[in-house]
Each structure stands twice: as C-alpha cells, then as structure tokens.
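Letters are used for the chains, namely A, B, C, D, E, F, G and H, taken in the order the chains are written, and counting of residues starts over at 1 for each.
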Amino acid sequence: MDKQAIINLLQAVADGAMSPEKAYSKLRLLPFEELGYAKVDHHRSIRKGVPEVIFGAGKTAGQIKGIASAMLENGTRSILVTRLDGETAKILSAELDMEYDHVSKTGVIAKDRDKKLVGSVVIVSGGTSDIPVCEEAAITAQVMGSCVTRLYDVGVAGIHRLLSKLDVLSEARVVVAVAGMEGALPSVVGGLVDCPVIAVPTSVGYGSSFGGLSALLTMLNSCASGISVVNIDNGFGAGYLAHMINTMKGVEE
Amino acid sequence: MDKQAIINLLQAVADGAMSPEKAYSKLRLLPFEELGYAKVDHHRSIRKGVPEVIFGAGKTAGQIKGIASAMLENGTRSILVTRLDGETAKILSAELDMEYDHVSKTGVIAKDRDKKLVGSVVIVSGGTSDIPVCEEAAITAQVMGSCVTRLYDVGVAGIHRLLSKLDVLSEARVVVAVAGMEGALPSVVGGLVDCPVIAVPTSVGYGSSFGGLSALLTMLNSCASGISVVNIDNGFGAGYLAHMINTMKGVEE
Amino acid sequence: MDKQAIINLLQAVADGAMSPEKAYSKLRLLPFEELGYAKVDHHRSIRKGVPEVIFGAGKTAGQIKGIASAMLENGTRSILVTRLDGETAKILSAELDMEYDHVSKTGVIAKDRDKKLVGSVVIVSGGTSDIPVCEEAAITAQVMGSCVTRLYDVGVAGIHRLLSKLDVLSEARVVVAVAGMEGALPSVVGGLVDCPVIAVPTSVGYGSSFGGLSALLTMLNSCASGISVVNIDNGFGAGYLAHMINTMKGVEE
Amino acid sequence: MDKQAIINLLQAVADGAMSPEKAYSKLRLLPFEELGYAKVDHHRSIRKGVPEVIFGAGKTAGQIKGIASAMLENGTRSILVTRLDGETAKILSAELDMEYDHVSKTGVIAKDRDKKLVGSVVIVSGGTSDIPVCEEAAITAQVMGSCVTRLYDVGVAGIHRLLSKLDVLSEARVVVAVAGMEGALPSVVGGLVDCPVIAVPTSVGYGSSFGGLSALLTMLNSCASGISVVNIDNGFGAGYLAHMINTMKGVEE
Amino acid sequence: MDKQAIINLLQAVADGAMSPEKAYSKLRLLPFEELGYAKVDHHRSIRKGVPEVIFGAGKTAGQIKGIASAMLENGTRSILVTRLDGETAKILSAELDMEYDHVSKTGVIAKDRDKKLVGSVVIVSGGTSDIPVCEEAAITAQVMGSCVTRLYDVGVAGIHRLLSKLDVLSEARVVVAVAGMEGALPSVVGGLVDCPVIAVPTSVGYGSSFGGLSALLTMLNSCASGISVVNIDNGFGAGYLAHMINTMKGVEE
Amino acid sequence: MDKQAIINLLQAVADGAMSPEKAYSKLRLLPFEELGYAKVDHHRSIRKGVPEVIFGAGKTAGQIKGIASAMLENGTRSILVTRLDGETAKILSAELDMEYDHVSKTGVIAKDRDKKLVGSVVIVSGGTSDIPVCEEAAITAQVMGSCVTRLYDVGVAGIHRLLSKLDVLSEARVVVAVAGMEGALPSVVGGLVDCPVIAVPTSVGYGSSFGGLSALLTMLNSCASGISVVNIDNGFGAGYLAHMINTMKGVEE
Amino acid sequence: MDKQAIINLLQAVADGAMSPEKAYSKLRLLPFEELGYAKVDHHRSIRKGVPEVIFGAGKTAGQIKGIASAMLENGTRSILVTRLDGETAKILSAELDMEYDHVSKTGVIAKDRDKKLVGSVVIVSGGTSDIPVCEEAAITAQVMGSCVTRLYDVGVAGIHRLLSKLDVLSEARVVVAVAGMEGALPSVVGGLVDCPVIAVPTSVGYGSSFGGLSALLTMLNSCASGISVVNIDNGFGAGYLAHMINTMKGVEE
Amino acid sequence: MDKQAIINLLQAVADGAMSPEKAYSKLRLLPFEELGYAKVDHHRSIRKGVPEVIFGAGKTAGQIKGIASAMLENGTRSILVTRLDGETAKILSAELDMEYDHVSKTGVIAKDRDKKLVGSVVIVSGGTSDIPVCEEAAITAQVMGSCVTRLYDVGVAGIHRLLSKLDVLSEARVVVAVAGMEGALPSVVGGLVDCPVIAVPTSVGYGSSFGGLSALLTMLNSCASGISVVNIDNGFGAGYLAHMINTMKGVEE
C-alpha cells in the first residue's frame, strides 16, 4: 500500500464510502514501508545520485547482473560492488559498463565519471599489505562523491614518514587510519589531527595478531580522542562513514 | 625553543652572527613542540572555549585541584573531569566552582552556563542500567557545546518504543547508541537514520556478556552502514567524537 | 495518539473537516505504540493474569515500589521481582504484600495464591550449588501458572540418581536442565526424554569453568536433539520460556 | 534380551524352572535397551511416521545407503539426511528414492509426499547468506510434519522489512530466527511475538564475527524473553526443536 | 524397590500370585539404584575404609555437620572436607573430632590415625605459592591411604633443585606435579620419570597467566609422555586420582 | 664422556696419574647423558621390549626409514609410527616390515605378533567420528602390550547404549573416554567405574565446539573423581598413559 | 655432597681406599647442586655485589625478615623486595635497614648507597597510571647498578611529547617502554632508537583492554625491529633484563 | 628538502636574500626525514655494512627485484629477504646473486661472504619441527654479523639433552630459545644461563596449542629472570634482536 493507496483510502472516508472505523482497522495493518516510515532516504540513490551497493561475496555473476539491472531500471545512477573476485568481475565486465579495480576487488557499474568530488578524506595505512583494505575505503568514498587523498606505508615503526605528511593530514575533514599487526597508527594519527579518525584494523599479520584481533583491540583502547573503530578489514564501512562525515552540512550556530 | 627563539636564531644568521652550518646543527635538535608541529590546536581551549578534560580515575582531590588550577591560570575557560567518584567530588566542590553529576560521575569546573549549544546529538540507550554511560557521553558533548537529546530505555526487545521516536531520531546530526547485553541497538538505529552512529558497548549484563565483550562484538559486526564503535563504557570518547562530528563546518561543494 | 484519536481524525475526514492529504501527513508521523502495532499483547498481564516482571538488580527499594505501585494501579494482578537482594526485599516486604524467597532472590508482589497450576515443567540440576538458579526458574514458571517438579542433585557423575527418576522425567511437557562445571546434564536428559529441554549453564565451578563458559559451550554442542540454551545463570529466562512452551495450546491437525 | 526373553524368564519362574534368586541375578545384569528404559520413543519413527535422521557429513554414499536400507527394512517411513554434499547426493539419488536440496544440503529418502503439515513454524533470516542454514531448519521441520513459512532477508539494519511482516509473525506457534554478523534479529523478533523463539547464530561474517561467535553471544545475551539458542549453523537442531514445540498437544487446564 | 522387593515380586511369580506379564510391566519401571546398577562401589567407604568427601565451599557449619553425622551413623569411618574456610572449621572443630589444616583448607573428621600408608605418591611444586594446592592433593592422598612425599619449590627456572632430588622421584609410583605461572614443571618431570604424572595447573601468577589458563595450556601441550591434566587448582582431584593409581593391584601377566 | 671414560679417569686417580682436584674439575663439566643421569630407563625398549615411537607428521618416508633403521640396529624390537599419512605409509610398507592402519594413521614396524597382551584398557567413544582418535589410543596401548576392549558410539545422548555395557566397563583397569562435541562422556563414565579415566577431547564438531575447546573444558570441569585429561585429539598420549597405568605392579601393602 | 665431599671421594680412590668402579656408582647419584652445575653464578650476589631478590607478594613480614636475614648472613650485600605492600613494609622497616618506595611497592634492604651506576637505561611510559610499573623497573635496574633515566607521560596520542625527548632516547643503551591501553608506545620508540627495546604491557585501562591483554598483543605484533615483550605489569622482569643488557661487556671483534 | 637544501635556505638568510620570518615559515613545514630527525641510523646499511631486510611474503619476484635493485644502487651491501617461498626464490636466483635457504625460506642477496662473525648467539630449540623458525633467526643473526651456534632438539621432556650442552650455553652472550607445544624451554634455559634469553614461541603443535598461543603464554609467564618474548614464529625478530644485543659495545664503568 503506497502513499496513493492511503490517500485513496482517506478519500473513500471523505466520500463517505468507508466508515472511519473500517478505515482505522485497515490502517492498523498497512505495511510499514509504504507509510514512508523507517528510513526516509531509502531511495536516496534516485534523488541524490549516491550509488547503491552490492556485497559481491558469494553471489554469482548472474545474480549480481540481475540485481544491478533492476537497480538501473529503477533509476539508480551508479552501483558499487564490493568483495568481487576477479573472475566474476571479468564476466560482468563483458556485459555491463563496469570499472573493476583488482586491488580493492571493487567494481563500479555505470560510474558517473563527471561527478564532482568534494571535501577531504585522507586514508593512511601502516604497511603495503594493508592497501587492499585502504583501496576499498578509498574507492567507496570516491564513488560516493568524496575527494580522497592516500598516505600509504606511513606506519608508526618509522614515525618520520608520517610526520613528513603533517600538512596533508591537517587538511583532512576526516581520516581513515588502516593498520594490521599492532594497529597503533590510529592512536598516533588521532594525536596529530583535530578531525574524526575512523580506525580500520586489518587481518594482516601472523602469530598473535590472531586474524586482526590484536589490531582491533589496540584501536578500541586508543588514548587519543576522536577515534572510533569498524570491523576488521571493513574498508567499505570506513569509506562509507568517512563520506557521510565528510559531506556533512555545516552546523547552524 | 619557541617561535621567537627560532626567529632570533635566524636573525643571528641574517646578521652574520651565526653561520648557516652552525644554525643547521642547532635546528636539527630543536624540540618538536616549539616548532608548532604536531597538533596545531594544542591550546585550542584558549582559542575556542572548548574545555580541557581531566581523567579523574585514580587521582586524588589534591592532584585534580592542582591540575585544574594550573589550567585555569593558563586561560582555560572550563574543565570536564570524568570518572570522578562522589567522595573526591565532594572535596573538590568545597574548594572549586564545580558542578558534579552523580549519575555520570562527571564534574564541570568553571562551567560556562551561557554557552550556546548547537546542532543535534541524540543519545539512545537500550536499558536503564546503561544510563551512567549515556550521561557521560551527554554531559561531555554538552560541555563541549553540542545540543543533546536523550532517548533512553528504547531497547530492541520492545522495538515500538524506538520507532515511536523516529521524529526525534530523524533530526539528529549524529547519534550515540549505547547498549549492553546483546548490544543490538546501534544496528537498528543505523538502519533508521542517515547520519553517523557512534556505538558504545557497555559492561551491563551477566553471564556470557563477558563484561561487555558480547555487545562490543555485536556492534563491530553490524550490517548497517555508517556505524563505528568505541571502547566498552567509553561514554566520554563517544560524546567527544559526537561533538566533533556535530559541529563540523559544511563541506565546500 | 491512541485509537480514539485516530478515529477522531478519520471522522474529521469523513466530516470534510480535514482533507485526505492533511490526514495522510498526520498519520505518517503518528507514534507506533498507539497504533497497536508491535507487540499486540503488550498489556497481556491485564487480560491473562500473567504477572509482570521487574529486574530488581541495581534498583532501590523506592524505585521498585514505585514501578510496582504503578503496575498494580494499571490492573496488573501480580508482579515477579527477580535478582532482589535480601535487604531490599526486607524494606519492600514491610510496605507491600510481597512473598520473598531467599534462595532464588525473587519476590512475588500481590501473589495470586489461588492460581491453578497446569501442565508439567520439570527442573533438574546437577548439584546443590545450582539450586539458586533452579529456583529462579521454578518460581518464575510457577508464578506464571505452570506446575513445576524439582529433581535436584542428579548430576551425570552419578547417573543412577537421574535414571531412578525416569518416571518423573517422562511426564514432563518441558524440562529445564541446570548445570555448572562440565554442564553435561542437558545432553543426558535430552537423550532420555522426548520433550523440549531448556539448558541453563551456571557460573558454579572454579578454574577452567571460566565463570560458566565451559558449561555453556558443552550445552551448545550437545549431541542430543531438542535442546536449546539460555544465558549463564539465566534462571528467569529458562522459567519464562518453559512456561511459554508448557502452556501451549494444542496444534490443530 | 528383549521383552519376550524377560517374559520367558519370568515364565520359567512361574513354572518353577528357575528360582526367584536365580532370576534376580539374571535380571540385575540385563541390558538396558531391552527393558525399554531410557528413551521410550526410541522407535518412534515406526509408530508416528516421524522420519529418522542421518548426519551425512563424513559418511560415504555406501555407508549412507547401508544405514538407510536397514532403516527402511525396519519400517522407517522416511529418512532425512543432513550435511550431504552434492556429489554424494548424486550417487545416492541414482540408487534410492531421494529428493535432494542443493541449498540446505539435505536429502529426504522415501519422502512421504502426502503428509499433512500442521501448525506454524516461521523462519526469519537476517541476510541472504544465512539461507542455507534457514533451509536446513525449514526442511527438517517440514519433513517432520510442520507447516513452515519463510521470511528471509528481514535483518535489523532495515527494520521496516521485518515490521511489514508482522501479520505473518503473529500467526507463528514458534519462530526460528537465523542471523550471522551481529545476530540481533532474534532480540527484535522476540520483542514482537509472544511465542518461543529459537535463535540460530550462523558463521556468516568476517573479521570480528569470529566464525559465528559474535552472533552467538548476542543471542545468548538477548534482553527479550522467550528466546533460547542452538549451536552456530545448527539449522537441523533448530528445525527439530521447532517441530517439537509446534506439534505439542494442548496443556490440560 | 530394593533387592528384597524384587525377590518378593519374583516369589509372587513363582507362587503363581502374579503373572509373568504383570511382573514384566512392574520390572520395567523399577528404579535404577535398587538394582545395584551404576556404581557398584557406591558405599565403598563402609567396605574399604576409604573416607567419604564433602566439598565444603558454600556450605554452612551446620550443613556440614549434618551431612557428616549422617555419614558417620551409616558407618563411614572417616570424612575429608575440602575447601573449608578457617572460620567454619573452628565451629566444626568444637563439635566434631576434626583435624583441620590451615594451608590446604581441608579437615578430616574421625581420622583413622592408625591407617597404614602404602605405595609412593610424590608431589612436586614449582613455587611456594603453589603449596596450598599441593597440600590439598597430599592430604587427600594420605587420608585415602597413600604414602606421600613432598618436593616443594623445585621449579624449572632452577632446574638443579629438581635434579638433586632424582632419587626421590625415581621411587614414585605416581607423581603429582603442581605449578602456576608458566606451568612447565610437569613436562620436565615427565621426562625424568617412568610413572604416570598428574599435572595440576594453579591460578598462581599475574598478567597473562589469566587465572591459571597459561599453566593449563602448557600442561596439555606437554611433549613428555605419561602426563595428564586436571582442572586449575584441583588438588583434591589430583590427590584422589594419584591414590587410585598408587594403590592399583598388579596386572596379571 | 661415557661410563668407561669416567672409570678411566677414576683409574688415573687410583694410579696417581691424576690428582683428585684435577679429576674434580674434569668431572664438574662432564656431559650429563653419559653419567646415566636423568632418565634411567632411556633405553628401556631394549630391556623391556616396549616399542619406540616416531611422530610421523611432517617427516618424509626417507627420514622415517632412517630413524627406524637406526633404532632396529640398536636393538629396538618394534616401532610405532603415529600420524602417518597413507601415501608415506605406502612407500614405507614397500621397504619395511610395517603394518599400517588407515583409520588411526598408525604404522607398526617389526611388530611383535606373539606379544602377550595383559590387563584391561577399555576405550569408549561418543560417536563414530571419534574413532580415528580412539584407534590411535587403542593401537598404541596394544603395541605396548595392553589388552584393549573397544566400546564405540556409546555417547551420552543415548545413555542406555553405555549402560548396557556396564559389565565390560566394570572389568577395566583403566578407561580411555574419547568424545568431541559436548565431551560429556568421561563424566558419565567416571561416575560408573572405580578405576582411572583418561579423557580425550576430540576436534569433532562444528560451530562453538571451537576445534575441541568445548569438549576440553567439559572434561577439565568434570564433577566425577578419578578423571584426568590429555590434549585434543591426543590418542597416542592417552594410549601410552593407559598402558602405563594398566601395567602397574601391585602396591606393597 | 659438596665439593669437599667429592674431592674426599676422589682422594679415597687416589689412596686406594675405594675402587674406581665403586666411586663411579657413587658419583652417578650425587646431587646436582653440589657439583656446581646448572647455574654457575648461583651465588653471584656474593661475588658481584648484585642484590638478591625476594618476591614479596603473599609473604608475611616474618617470612621476609627470615629470608632476608639468612641472605645477609650468607654475605648478600643488598636485597630487593618486590610487590611489598605498605603495611608489611612498615613492619619490616622497623626491624631492618630497608628503604621503601610507595609507588613501586619495592623495598631495598641494606642498600649500597655508594654503588656506582653505569650505562644508560631509559624508561618511557605512556601515561601517569603506568608509573608504578615503570618505577618497579627503574628501581630494579638501579639497585642492580644501572643508571636510569625516566621519560614519563610521553604516550603516542601526543607524539610531540616523545619526539621532544629524542636526544635522551638516542643516548640509551636499552629502553624499557611501558604502556597500558592500546600499548603502542614500544612500536614508536622502536622506530626511533637503534638499541634493544623491552616492552612492558600494563593492566591499566578498562573495557576491551582486558586486563592488559590488548597492550600485550599490540607489543607482540610490533612492526619495529629490536623489540621484545615481558609479562603484563612485570616491571621487575623488564628492569632486570634491562640491567643485564645495559651492563654487557663489549663484544670482541 | 635535504641537509644541503636547508643550508642553502640558511645561506639565503645569511645573504639577506630571505627574511628570518620567511625562513621560519618554510622551516616549520619541512619534511621530517630530511632534518635527520627520528632515526639517525636510517641509512646505517651504507655506513655499517648491516644488510637491509625485505619481508618477502606477498611480494612478487618482480617487486622484490625492484626493491633490491634500488637498494643496491643506493650502496646497500647485502640484503636479507625473509618469508620467501621457493618458487619466487627460484626466479630471483636466476637474475640476482642470491643465496637461498629452503629450511628458513630466507634469501641473501649480494652476501658478504668475507664478513667476520663476532660474539656468540646460541639458538636452542625444543623439537625438530621448530627448526625453520630457528634457522630464520640463525641466518638473520649471521647475515647481520653474529657468530651463531645451534643446539637443536634439546626439549625439556628429555632434559639431559639440554644439560649435556651446558658448556656451549655458558659461552653465549645471548640465547634464542625456540619452542612450540608447551613452550617450556626458555624457562629452563633462563635458569641455566646468566645472559639475556629471547623466547620465540612457534605455531608447532595441535589441539590446545591454539596456533602457538599456549607456548606464547608459557614464555610470558616464565619464572626465570632475563627472558623476553617475541611474536609467534618470529624468527627474524629474535635473530635481529639477538644480533643487536650480541654486538653491544661494553658499558663504561
């Protein structure tokens, strides 16, 4: 029952074709979605040009193509596919206008190449092995419409590398700090900047890194203010949140 | 060596009183802080009126008084003291202009009661036992200058309570979602709003809640987008970050 | 906005005093609870005579009295208070008609002593130290209206004790199996009966029992069919669920 | 020594062919099973038409065929085989009357296609990746004789999807709530219905989901009443228990 | 129904007063215990002079006295009470013939002081802090009837202390090796002797000893043969098992 | 420096060719092994006919053959090879007199087929998936010289299967109880017998069995007396210890 | 059997009073300690003036006094007592020449106040709460004879504080880096210096610091080279090892 | 901006071509590295002949060749490549002067075969399976310039093997003790030597070794003094630190 249906129902009440009591009992059961409740911006893609997202892991090329086609028909301007393996990407690329990135394993369907990128999301990483997660975050934020700067391989074991980029960091509206192993980077970054820092632990490491647990705990226990944490290897989540913060409207004072 | 000292040194070079080589070797060792490096806004309290923070746990009334006095002498306008037990607060209140809150165990010294609160931070909690953590977040954000709305006891086991407050949620610029036990609240909230959600697990619970670990893991694994997590019971961290996001300037498009 | 308010609104539409469009925009925001959505049986206590429950831990005698008084005024017939320490109970007992049980730390306010107990919930426990949790389950189920049989101290290390009670077990509609330490009791019971078994791990034990974790894992990994598990020491949850299953209406075939 | 053997022995006593003392010493050692002790409904398949179950993992096609043939010869009407990989299923299907389901990896041998399905088991899932576990539960309950309704992809991050199905949920006699990642679905469902909810954590997720541990802990710590939990990915266990509860006879009041 | 009751029943069959079929249906339900099934030596204390054991933790002096009195009346010769705090012991000592040991927190009621101690149980410990657990093991084995030798403070960080006692170790029929912290002692002992070694981890330690978990894992992973492990701090269990092994009859070759 | 070298040295002292002081300083540094210290029965295989053991995992056929050949040349009568994969076994069997068991993945080289097996080790298992670990224990104990009885598939979820074998259990000198999943079998067995029970957790299971951790914790927390535990899947360790206990000489009383 | 006893034995051989064979069999069993084996520097305190150490936790004032007196009589020059609570210290101070430090809870008996301190151990800490552990390390190293420099409160969340002390760090022969919470300090320090860094996690923190586990894992996973880790809160161990490294003799090239 | 650039800038000030204020603002932003801050010995390879290190895991032969070539062009004398699989090594060996070791999976490019090895690093291991980690440590220390002695297969379950090598151990300047399973070796070694011991847990083991966690905890909890721990399987880290300690200059007394 969509908006029109409800108004039709109300019109029937207005026309005397339905009693208020009958209308009440109908309204009481009407599906939520149609009322416009819940998530007002459910179809925000159409209105804002923000792309929809498909989590590609475990889906076949056929399934992804089906979902994407339906989205495009409904007016979605562009679609981000994450965790998309190379083989599936190859099949999709042959049939759809998709740009695939091998490092982050993301694909962008019907990419809006003229989109203006705004603000400043800075993505810093501890080591080269963290780059796939960084790139998932970077591409997510970019496709959403954020301007992204990458500062890779600036881990805390060689702090001068990070310090030599203070000018770049100081321009950030939000920083995504990605690190595996000991995961100390967000703490150091958090002490250097005055904007929100999104910490992303990665599963990079061995032995007592326990698949990213060590880095995760480090980040949660950070002494620096302004830091929050997403799941291990969750580059997409960090990029999405970074874009959300980056593109905030100014507060009214 | 502060800015003036460096300029004096350079002046000596300009005056021919010091060779460039000698100046180089002196510069090479000059302490970091004085260069103005690192955290440009280190003394932001003076310039912006943002209060300084003292972590009260494990400090005596005398120590806190000493730190606070020094801060006030240096121009700090107001000071937030967190994790301050009632007994220590009583002593401090007798000697300082401090407003103490028994629920959150926070004190505000030299509170700026005329401060204009801006934006909208909404703090939601699952149960009444989570309120101390909520209030630590709320008071932190308020003292910083954010306008805070509280929605307590709207846990997911009675989802209608949360849904009946959708209008309040939809006005938020940032939501702090606090929950112990199963910690599912941030996921549901994250699906209802389009602004950043800061998830705070609490140690409320028993048995397999393992001191908040259960809620922490739930929040890290949230399927909703736009959520990030701080440490267990870290109301201050959430409030601080919420204020940071809430008071962002608008992005230039 | 309650049912009457909605009907009034619809009446206004019927009367031509409000346009369907205006009515729609008002309906779109009406609070959930009033629509009767969500949990239809939210006030089931009034209709069914099932008592309400107050989680007593961390509440003062005054708070509990306040909540209970409000409930009683709203027609609640009896109220179960769980995790109620002896001292608070003493204060409450002086002011309310409350029956307190020292073992399970539960109180029943305005107990319906003529309530007919139906069906058969059998509660078995491994050792005497598990009895407080057992009694929380037993009293919960009884106050709800279930007939409860107790089989305590029939742990698996002396299996003959359990086997000598097979006749009692075979009469059960649902069994609550409570055990700490190794937590093996539910598995054995699950192999002996054909009704649902609710397993309750307890924090009884030392060393590698890790506060009930050992018993919890044992129960989750049970090879027997028909077993499910609640949180460590969650006697209330087990008793509540046991009553729910015990009092089911027969399936229509 | 089966029933007849015992009666023969007693007859010998009656006939004076054996002394009571001699009979006692023989009885004292007789095997348990023959006495009909333990699980009275051990052969319930024959009497009730409930199918037997074979755990297929790690068994060869030959072994499964052997066990199934013996069961069928003993009168079993239909047999459920769980965790049966596709290749083994292919071999079995060629030799037995078996219906195989690729999603849940279950096979049903000698399926009773005319069986009347009774009651109402509703299975809800958080995401599409949880469907294999859901289907294991669904097929288990169906083969046992329960009527099953599926509500998939109604996770808490888009709560309106779940709320739009309240009418279906309210008809359930028992709900199986399946979720990976943060595992919050059972808590929300538990707050919406008044029947038992069986929570099934799945190993779906990555990073700090730790193979389903995160979802498991969430479910154990649920604030909602009437919820209990089975092992990670244990669709069969949930389906079996759901059928057991669904088909309960009504309590005598 | 005890032995006599069964024989009476059989006599009734022999006398023709009861049909074999009727007798069968009665036998089918008779309680287990009376059949003498399960643990034949359930009353072994009476026959063998082995003491009964009461787990004292959480029991009042009155409860312990009650249980002990009943045991003594039933012929038990002596009773070991473990985990008995000093205060309760003081009360008991005033009323019963009890010998209390402050180190191990064990009491022996009606101790058989003339009991001959046989065989050789050697108890080794890593440090002085482990001695309470050692003594619980030692007194348990002694009260049961084993001859015990103590080798304390021979931890692996000063291996010469252990090696200087090789002659004592080589006489052992079974060794109980008790250690906290790193828990390496059983491995070294296991490499030095050819008899069974019972490893007891203790909760002695700090930091990453995690309440004995570190020592427990060490012992479970021992490379030496002939080692098995009991629960953390379980001196009683180790002493009981050591006595069981120590007093074995010789194998018939 | 072997025995002869030391005697030569002492002879030189006796002959006056070396001063006692010089001899002392030489003795002070002599290697341990040669003194015959440490493990008196280091070469017990030669004297007792007990086989040596080679841990096959990670060793090539060539390496195993080399070690075995050296052992046989030194008088070892038979050799047990554990964790030996089928392919390596095939190669070895072609070159050595080796009997290979595919279930337990053990090989016995130069097996003494006339060895008399003594005593009674009973091996019980919960399910059929535990059989490889059981057989590793069984073959180890048998090759050492113990008489082994197998009671497989007698898990606690169908306790009547175990109880019907009480006569076999009551004859055991030592029981090895093997179980995965919930690991409850040793507790039940420990309550039924009066001999030592060696508990072996297996990695059989899924979900929250966490690779055997669940079963391990269950066994460590057993309430039954006389139980100790070895590492997960350590059939060899259990079989070795079982043989050690089984073949003990009788205690002198 | 001490050195003299062995020489006497050898003299008996030299005198012909004992045969070499007889001497061999006696030597074969002589205790280890007396041979001077194992730890050559067991009595190093006497020779080097390095103090002995008493772990004070759990020892009474009387026990500590007894041990200390015996040590002093045997020539020990000074004694370090760690984990000594204030009350016990007060009693000891009244009877012994002991200097007690309230922060680190260490006491030094018979302190050598003229001892020359050599080399350079630098101790850095993240926050003020870590100071007790730092001081335990500092006093340990100092009493041993190392020159110690303290750099406290230079945590990574304000990296400029650490960087402003680079000159002090660059003089260190060994650094002890102490940190709780996220534990990132050793990594940063390890990237700034070229000497060994001993990392000490502390139990300072809350929530997911899990009693120091978070900091411990961080340090073990450090990307910087030259770092190793000691137990949580193990200031003594770090100070001892730091002294050992600090006072190494130069390598011969 | 390197040293020369800064001096040029200062020269411009000296020449009056740039004002001191302008110079200050330029200096304030100059990159860190060029100032020579942070790690003074960043290019120590060139000055000291210590090889650079490339972490080979996850890098292609092409990438490694590229990095190595750049290093060699910059004057690096030799390069250690760790965690280099055999296949990649084969490709590299064809194009570079590289010596590859299959056991430790390390390659040394442009090895300085005439390098004098100094001091004494002794590497001890518990079992043969630990040898790959040992060799990574050994080759690292050797390539750096340390003289390395290997004592393999001297685990604590046969302590005489270790004791027979006391003379070798007593010559060590630093010991690297490598062990999996129970990880007890470093404790025993730490009690036998008076030099620093670097403990390396390995992931060798099964069951409750939990990928090296058991050994790690054992080592962290060691009672012996002078021990510190590196990450699981971190042979490189241990070898690097061992070399650092081994080649220390003597302390000035």
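By our rule, a residue touches a chain if its C-beta (ideal position, glycine included) is under 8 Å from a C-beta of that chain, and two chains touch if they have at least 3 such contacts.
Keep in mind the model is a prediction, meaning the values are calculated, not measured.
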Any chain that touches chain F and chain C: D, E
Chain centre separation in whole Å, for chain G relative to chain B (CA means): 39
Interchain centroid distance [CA atoms averaged], chain C/chain G, Å: 56
Inter-centroid spacing, chain G versus chain D (mean Cα positions, whole Å): 60
Multi-chain contact sites of chain H, meaning residues that touch two or more partners: 37-39, 158-159, 163, 166, 191-192, 207-209, 213, 216, 220-221, 225, 231-232
Contacting chain pairs - touch in the sense defined above: A-B, A-C, A-D, A-G, A-H, B-C, B-D, B-G, B-H, C-D, C-E, C-F, D-E, D-F, E-F, E-G, E-H, F-G, F-H, G-H
Residues on chain F engaged by chain E in the complex (per definition of touch): 37-41, 44, 53, 116, 118-119, 163, 166, 170, 173, 191-196, 198, 216, 220-221, 225-232, 237-238, 240-241, 244-253
In the complex with chain C, residue positions of chain A that touch it: 3, 6-7, 10-11, 13-14, 16, 19-21, 23-24, 27-28, 35-37
Residue ranges of chain B in contact with chain D within the complex: 126-127, 155-159, 163, 181-184, 187-188, 190-192, 205, 207-210, 213-215, 217-225
Touching residues (chain side chain F, partner chain H) in the complex: 29, 31-34, 37-39, 42, 58, 201, 203, 211-213, 216, 231-234
Footprint of chain A on chain D - complex, ascending: 129, 158-161, 163-164, 166-167, 206-209
